[in-house]
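Chain naming follows the written order as A, B, C and D, and within any one chain the residues start at number 1.
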Amino acid sequence: MWRDALLVAGKDLKIELRSKVGLGQVVPFALVVLLLFGLALGPGVGRGSVLFSAEPGLFWIAVLLATVLAVQRSFAVEAVDDASDGLRLSGLDPAGIFVGKAAAIGCQLLVLELVLALVSSLLYDRHLEGGLLLAGSCVVATVGLVSIGTVYGVVSLGARQRETLLPLLFFPMVAPVLLAATKAWDAALSGSPGHGLGWLDVLAVFAVAYLAIGTVAFGPLLEDA
Amino acid sequence: MNGYVESGYVVGLGTLAAYAVTLVARERGARRRLTPTEDSRVDSPEDGPAPAAPVSDEPGSPAAASS
Amino acid sequence: MSLVTTPVGLDSAPPPGAPAESGTSTSARPPAETGRSRSALVLRLVGAVALVGVVATVWLGLWVTPPDQFMGNLVRLLYLHPSIAWVMYVAYGVAFLSSLLYLWPRTRSLRWDKLAGASSEVGVVFTGLTLVTGSIWGRPTWGAWWTWDPLLTTTALLFVLYLGYLAVRRIPGDSEVRARRSAIAALIAFVDVPICYFSVLWWRSLHQAPSVDDPVNGKTYIHGSMAWTLLLSFVSFTLVYVWLLVHRYRLFGLAEREEGEGLALAIEERRAESQVPSR
Amino acid sequence: MGPVISLREAVSLSGRFPLLAGVTFEVAEGEVVHLRGPNGAGKSSLLRLCAGLVAVSSGTAVVLGHDLTADRQTVRREVGLLAHSSFLYDDLSVVDNLRFAVRASRSDPAGVDRALALLGLDGRLRGTRVGRLSAGQRRRTAIAVLAARRPRLWLLDEPHAGLDAEGRELLDELVVGARSDGATVVLASHELDRADRLADRVVALAGGRVVAPAPAPAPAPADSVRGCDEARAPVSLAEGCDVA
C-alpha cells in the first residue's frame, strides 16, 4: 500500500513541478483572496482594525478555497478526456492511491500555507508568534482537509457537473476544521497558546477520522467514478 | 396573540402540508405513467425486469406483502 | 428478513401496487382500485392519526394552554420547534442506519438505499423547518433572527451537508453504483455531525455564557397541560415523519419500477438489432 | 491452464442500456481472436468487461482465473487494455509515463527501454512531454506502455486507428511477438483484412451478443509462428532480436 502511495505521490508531485499549476495558479489565487478580504473589510491598520483581529479566519478561508482548487486540479489530471479508467486500470492499490494523492495535495497546501502566513501577516499587519502552535495546527488541519478533499474529489469525478459539486460537498464538511484552526491560530497569535491546544485536539480528531474513512472508502468510490 | 407564534405555526405546518401534497401528486403521476395494464400483482422485489437481466434488488419480500 | 426497529408504519412497506388513496389530503376521492391492500390501510391510519395529532397540538398549543410567566405566548412555539428538531435527528439517524445496512454485505438490498434516500429528504425538509421556527423563536427572545446559537448553527451546517448528500444521490449511474456511493456519502456526512456540534458548542460557549434560554430544555415551569401538549406534539410529528417517509419511499419504488420496465424494453430492442433469433 | 477468457451469458449495463445482452465467449491461452461487428455491436464493452472495468450485471465471467463477478480489481494488473483514451499524463515525459505504468502494475522495469526502442520512441521523443506529442505519437506511446508491461492478456480496441503505415506494421509485429511470448490477444479493429491475417479465429458481435463464430480465415498450425518464413524475422519481445 505504501509503495503505491509513494508512487502516486511522486507522480502527482512530478506533474505539479512540470506543470506549475499549484505555484502558478493556486497560490496566486489564494493571494488574491487575501487582497479581496483586505478591500472588503477596510484598510484599518494596527491592533484595532478588523483585518488585524480577523487575520486567522481570513487566512484559513483562503486555504480552504485553495484546497478545493488543488483537489480539482489533482483529479482533472486523472480524468483525461473524461475517462477515469486510467487509475482503475493501473492496478494500483486504491488505499495507496488515496494516501498518495492526499499526500501530494498536502505537500502543495503546506507550501501554500507558508506563503500565505507570511503574506497575510504582512497585509494585515500582524506579526507571527507562537510559531509551534501555528505550524502544528497547519499540519493537522491540512491532513484533515486533504483527506476529505480527496474522498470528495473522487466522488465528484463521476458527476458531470463536478466543478460545482465538490465545493458544495467540501465546505460544510470542513466547517469544524475552519473553526478549530482559526481558534488555534487566534490563541497562538494573541500570545496565549495554552488556549489553542484544545482546538488542536478537535483538528486531530477530524484528521484521524477522515484519514481512516478515506483509506476505506476510496476504493469503492473509485470503482463507481 | 403575538405575530411570531402564528407565523411559526403557519410556516411550519404549511410547508409540511405542501410537501405531503407534492409527494402524493408525484406518486399519482408516476402510477399513471406506469403501464396501464396495472396488474394486481404486488411489486414484490422479484418483480425485476425481463428475466434476461434479473437485476432484482433483494432476495425476500417483506412479510406483509399482501395480495 | 426482519426490519430494524423502524417505526411500525414502515414494517409493512406498502407496495406501490396498492391503490393511491387520498392520504391526509382532504379530498376523499373514492380509491380507484377496488383491491385495498392491508399496508395501504395502515398507511392511511398513520396519516389520519398524525393529522388528528397535529390538529390537537395546534388547538391545545395555541388556545388551551396558558401563556408562560416569562415568555408569555412565545412558549407556544415550544410545541412546534423541539419536536421538529427531534424528527430531524430521527430522520438522519434512520438514514445513517439504513446506509450502514446497505453497506453490510449480508443485509445489502436496494430497499435500504431507497429508505436512506427517503429519510434524508424528509430530514432536510425538517431541518429547514427547524431553522425557520428556531429563528422565529430567536427574533423576539434574543432580538435578532440569527444569533449563532450552537444548536441552530449546527442545524444550518446539517442543512447544507445533507443538501450535498442529496446532490450525490443525483449523480447519474447504475442503481447499485448510485446506492453504494450514496451510502458512503451518508456515513461521511453523519460522522461530521458530532464533530460539528461539539466544536460549535465549544466555540459559542467561549463568547457567551451558555445561560441562553435554550428552546429545547427551557427552564420554564411546565404546567400540566403544557407537558401533555408537548408529548402530543412529539408523537404526532413523528407520525407525520413516518407518513412522509413511506410515501417518499414508495415514490422511489415507482421510479425504480419505471426504470426496470424501461430496461426490459431496452433489452428487447437490443436483441432485435442482432437480427438473429437468440438461441 | 484453462481458457484465458470464459464468459457465459454475460450482461453488462450502463445505466439502463444493456451494452452486452448475454455474451458467451471463450478464448484459449496463446490465441489471437479478432472481434468483428458494426459500430455499437458491443466490441468495446466486451473488451472493457474482460479488463475488469465494468460490472457484470448477470451471467458469469472468468478472466485469467479471476471471477469478475466477485473481484474486478486484481485482474487488471495482468491485463493490458488499449482503448481510445490513452491513460497518459500529458505533463509527464514519454519515459516517465512508461516507468509509472510499469511500476504501478508491478511489471519488469527493464521492459521500458526495449518498448521505447520497438516503437521508435527512444530518440528525441523519449524525454518530451506527452502533451506535446502528435496524435500518432501519443498512440505509439500508449502501445509502448503495453509493450513495456508485457501483460498476459492484450485487449486492443481499434489499435490501428491513428497509426501511420509504419506504425501499423510495428503493431502487427508486436501482436505476433506477444503471441510468441505466450500472451493472448483479443482485438477489435476496422482494418478487417489486416486483423484477419493476424487472428487465429474471428468472432462476430451484433446487438450486444455473439452472433456467429466464423471459422478461422486460414488454417494456421498453432506451433509455427506466423510470419516466420517471411523476409523479416519476427520481432520477439523476449530476446528482442533485431528487425532485418
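Basically, a contact is a pair of C-beta atoms (placed from the backbone, for glycine too) under 8 Å apart; a residue touches a chain by one contact, two chains touch by 3 or more.
Just so it is clear, the structure is predicted and the values come from calculations on it, not from any experiment.
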item: Winner on C-beta contact pairs when C-D is weighed against A-D; value: A-D
item: Maximum centroid distance from subunit B, chain identifier (CA atoms); value: D
item: Mean-CA-position distance for subunit D and subunit A (Å); value: 40
item: Interchain centroid distance [CA atoms averaged], subunit B/subunit D, Å; value: 48
item: Centre-to-centre distance between subunit D and subunit C (centres being mean Cα positions), rounded to whole Å; value: 51
item: Where subunit A touches two or more other chains, by residue; value: 223
item: Residue numbers of subunit B (touch at least two other chains); value: 52-53, 55
item: Where subunit C touches two or more other chains at once, by residue number; value: 172-173, 176-177, 263, 267, 271
item: Parts of subunit C lying in touch with subunit D, wherever the complex brings them together; value: 172-174, 176-177, 259, 262-263, 266-267, 270-276, 278
item: Contact set on subunit B toward subunit C in their complex; value: 1-2, 4-5, 7-9, 11-13, 15-16, 19-21, 23-24, 26-28, 30-31, 33-35, 38-45, 47-50, 52-53, 55, 57-60, 62-67
item: Subunit C-facing residues of subunit A, complex; value: 148, 151, 155, 158-160, 165, 168-169, 171-173, 175-176, 179-180, 183, 198, 202, 205-206, 209-210, 213, 217, 220-221, 223-224
item: Complex contact set, residues of subunit D against subunit A; value: 48, 51, 53, 72-73, 76-77, 81, 83-92, 96, 100-101, 103-106, 129
item: Residue ranges of subunit A in contact with subunit D within the complex; value: 4, 7, 11, 14-15, 18-19, 77, 80-83, 85-86, 88-92, 94, 219, 223
